[in-house]
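Every chain is named by a letter (A, B, C, D, E and F) in the order it is written, and numbering of its residues begins at 1.
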Amino acid sequence: MAMSSLIEYEQASPEVRAVYDDIMATRRTDRVNNFWKAIARDPATLRRTWQSVKEIMTPGALDALTKEMIYVAVSVTNQCGYCIASHSAAARKAGMTDSMFAELMAVVGMANETNRLASGYQVEIDEQFKVG
Amino acid sequence: MAMSSLIEYEQASPEVRAVYDDIMATRRTDRVNNFWKAIARDPATLRRTWQSVKEIMTPGALDALTKEMIYVAVSVTNQCGYCIASHSAAARKAGMTDSMFAELMAVVGMANETNRLASGYQVEIDEQFKVG
Amino acid sequence: MAMSSLIEYEQASPEVRAVYDDIMATRRTDRVNNFWKAIARDPATLRRTWQSVKEIMTPGALDALTKEMIYVAVSVTNQCGYCIASHSAAARKAGMTDSMFAELMAVVGMANETNRLASGYQVEIDEQFKVG
Amino acid sequence: MAMSSLIEYEQASPEVRAVYDDIMATRRTDRVNNFWKAIARDPATLRRTWQSVKEIMTPGALDALTKEMIYVAVSVTNQCGYCIASHSAAARKAGMTDSMFAELMAVVGMANETNRLASGYQVEIDEQFKVG
Amino acid sequence: MAMSSLIEYEQASPEVRAVYDDIMATRRTDRVNNFWKAIARDPATLRRTWQSVKEIMTPGALDALTKEMIYVAVSVTNQCGYCIASHSAAARKAGMTDSMFAELMAVVGMANETNRLASGYQVEIDEQFKVG
Amino acid sequence: MAMSSLIEYEQASPEVRAVYDDIMATRRTDRVNNFWKAIARDPATLRRTWQSVKEIMTPGALDALTKEMIYVAVSVTNQCGYCIASHSAAARKAGMTDSMFAELMAVVGMANETNRLASGYQVEIDEQFKVG
């Protein structure tokens, strides 16, 4: 049996279908990404993960585009191919232009570089940045 | 000799002082973070890194606050203590409120979780996310 | 010349064959995974790595299944595609059911999330967790 | 204002107190770890994270000890100091002996090594491990 | 529109062509790797990245081969498939033999293992290794 | 009981003392680092790890200094504080000058940056870098 077999809507249980329906309604689309169809093999994980993602990605103090770009920044840092592909697409749908993408990549690259310079040079935290 | 001895302004060469001066002028502050004082042990790395950071962090298609939050997202993902402390401070200075910080952390945490679900379930990239 | 050319049993030196034989005997199988055939390009690494893996993966205070699931947890966290595929298969062979896999993924995902919340919120270690 | 100021029970809002109460009741203890007191700065994250952790860490197909050891495996791989300290303590409380800890570390170390050998040697996934 | 469309020399702007020309001249080759053709979508990132790579990879206190092997060590640790492939090729071009590659992989693997043993056992830094 | 209690020579079993003796003889020193004293809590891990480190770090196709610098490169990439401190000291002992350290850090930083640019731009591997 394949590890990542996808649960399509037709074969899904009512519990899984309810999540798929909410995903499509929330995102105003008529398709469900492979990610959800894969984790649907465990309905509890599907439900909990969707619940959390829905709550977290709703625009609040940060708008939808900023949130999607942060998602891309993390995914690129972790080298997660699937997540880079899917969240770059989501960020573009949320309004990310070519220039925004270029600056996002530049910051992510630079941060990954200076993270290592800071640890390699064993830099002590400045007094004023210390936690109280 | 200590690995991370910091180069203070007073002891710095003219080349290093010029970079410190530009950092303080650009950031409208009268102090230089330990990070710069540490990598100043190698003036070439100091100059090149500052040049790149200055160019990349200048507001463009993305504003200063968004860029600093992306920096925090990468630093948290990489577990770089120094960078989390210094860039969280920088993000607050650029206008990050408590609510923004809370949402930033929520997205970073969630992205790190779903990055692993995607790879653990070995999810195939959806046709429409594929690169041409 | 290809980087990952695999050393098949037929072309292998006696030293490499001896390791292949021990792998197949220990694992009660008649095939050797690509991983071993790839690192066999360096017989010293092949021998040392197999020796260590054999010693470490032998059931002891932890049983074979638990050890394989820990291997999967690390591989997923590191986003190592090959290792996720091979160790998920090994864990299933050792008795991992669909429910166990689902719970394993849920814990791995959650741990990756809270690891970042802990560092992002710069949480100090509780006194009672401190090392003496 | 300090980044990681902890929200103590006495100063907590009713919403936060309710989570603290549930944590203490579920874990049969009279104290709440710094992790929860730190993320309590954002009650929504506190509630959602506790909800997920509670659901995921409940014994099911995997027992409590196995789940805590997987948590440690991920935290060690990610080099999260706080999480290593707190989850090692939790694993010991759940029954992890010195021998189990020793074997856990050995597997985690080995997996991190072979993850890199697999990617460095660019090993192709074996046909029989491929996802359908 | 594809995310990673490559900018070929023929379609490139004069600014991008100038960088391509310098890459080919510096590396004494008549082709430009996909990496550069991909980031050329953002000429500023192309120029800055090439400038930095050129400056950093020039033989100095460390020779070209040592620098390329360090590049491979980082790329393998980060599990970056593209970078492993391209920098392994570059290291071979700079003189890396099969034996050197084998020892490089062995050190990278071992370092990734002991990094986790050190953090998992929560080892305190020895007095004499402390930074002044 | 503390997690990382160190096993000093005086209290060590004959099996552990034999490893300590070999470490000191091999490294021509009269002290044993905390790392070994910590993992000595599990004599099997101590013996196996020392055996592997000794075999791998012996000068061969790569000299001792190059191997130590590769160790530092991995440790910095993984943000392992203990390992950065101890292997930077070991590299200096093996002959790493300030200039070499500076160039090592520059390469490690740059590689961490371009690793992310490569994955973020989803660069396809060039035909000639492909594995056969």
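As a convention for this text, a contact is a pair of C-beta atoms (placed from the backbone, for glycine too) under 8 Å apart; a residue touches a chain by one contact, two chains touch by 3 or more.
The structure displayed is predicted, hence computed values, not measured ones.
Listed here as common contacts of subunit D and subunit E: A, B, C, F. Ranking all chains by how far their C-alpha centres lie from the centre of subunit F, first place goes to A. In terms of the distance between Cα centroids, subunit D is separated most widely from E. Because subunit A and subunit D carry the same sequence, their contact can be compared by residue number, and over half of the numbers here are used by both.
Subunit D and subunit F have Cα centroids lying 27 Å from one another.
Taking each chain's centre as the average of its CA atoms, subunit B and subunit E sit 21 Å apart. Distance between subunit A and subunit F, defined via averaged C-alpha coordinates, is recorded as 34 Å. Counting only residues that touch two or more partner chains, subunit F has 3-4, 39, 41, 44-45, 48-49, 52, 56, 77-81, 85, 88, 102, 104-106, 108-110, 112-115, 117, 119, 121-122, 124, 131. For subunit D in complex with subunit A, the touching residues are 1-5, 44, 48, 52, 55-56, 131-132. Against subunit A, the residues of subunit B that register as touching in their complex are 3-4, 33-35, 38-39, 41, 45, 49, 52-53, 56-57, 60-62, 66-67, 69-71, 73-75, 77-78, 80-83, 85-89, 97, 99-100, 102-104, 106-108, 110-115, 117-119, 121-126, 128-131. Listed in rising order, the residues of subunit B touching subunit D in the complex are 79, 85, 88, 98, 102, 105-106, 109, 122, 124. Residues 72, 76-77, 79, 81, 84-85, 88, 104-105, 108-110, 112-117, 119-122 of subunit D touch subunit E in their complex. Partner subunit F is touched in their complex by these residues of subunit B: 3, 39, 41-42, 44-45, 48-49, 78-80, 131.
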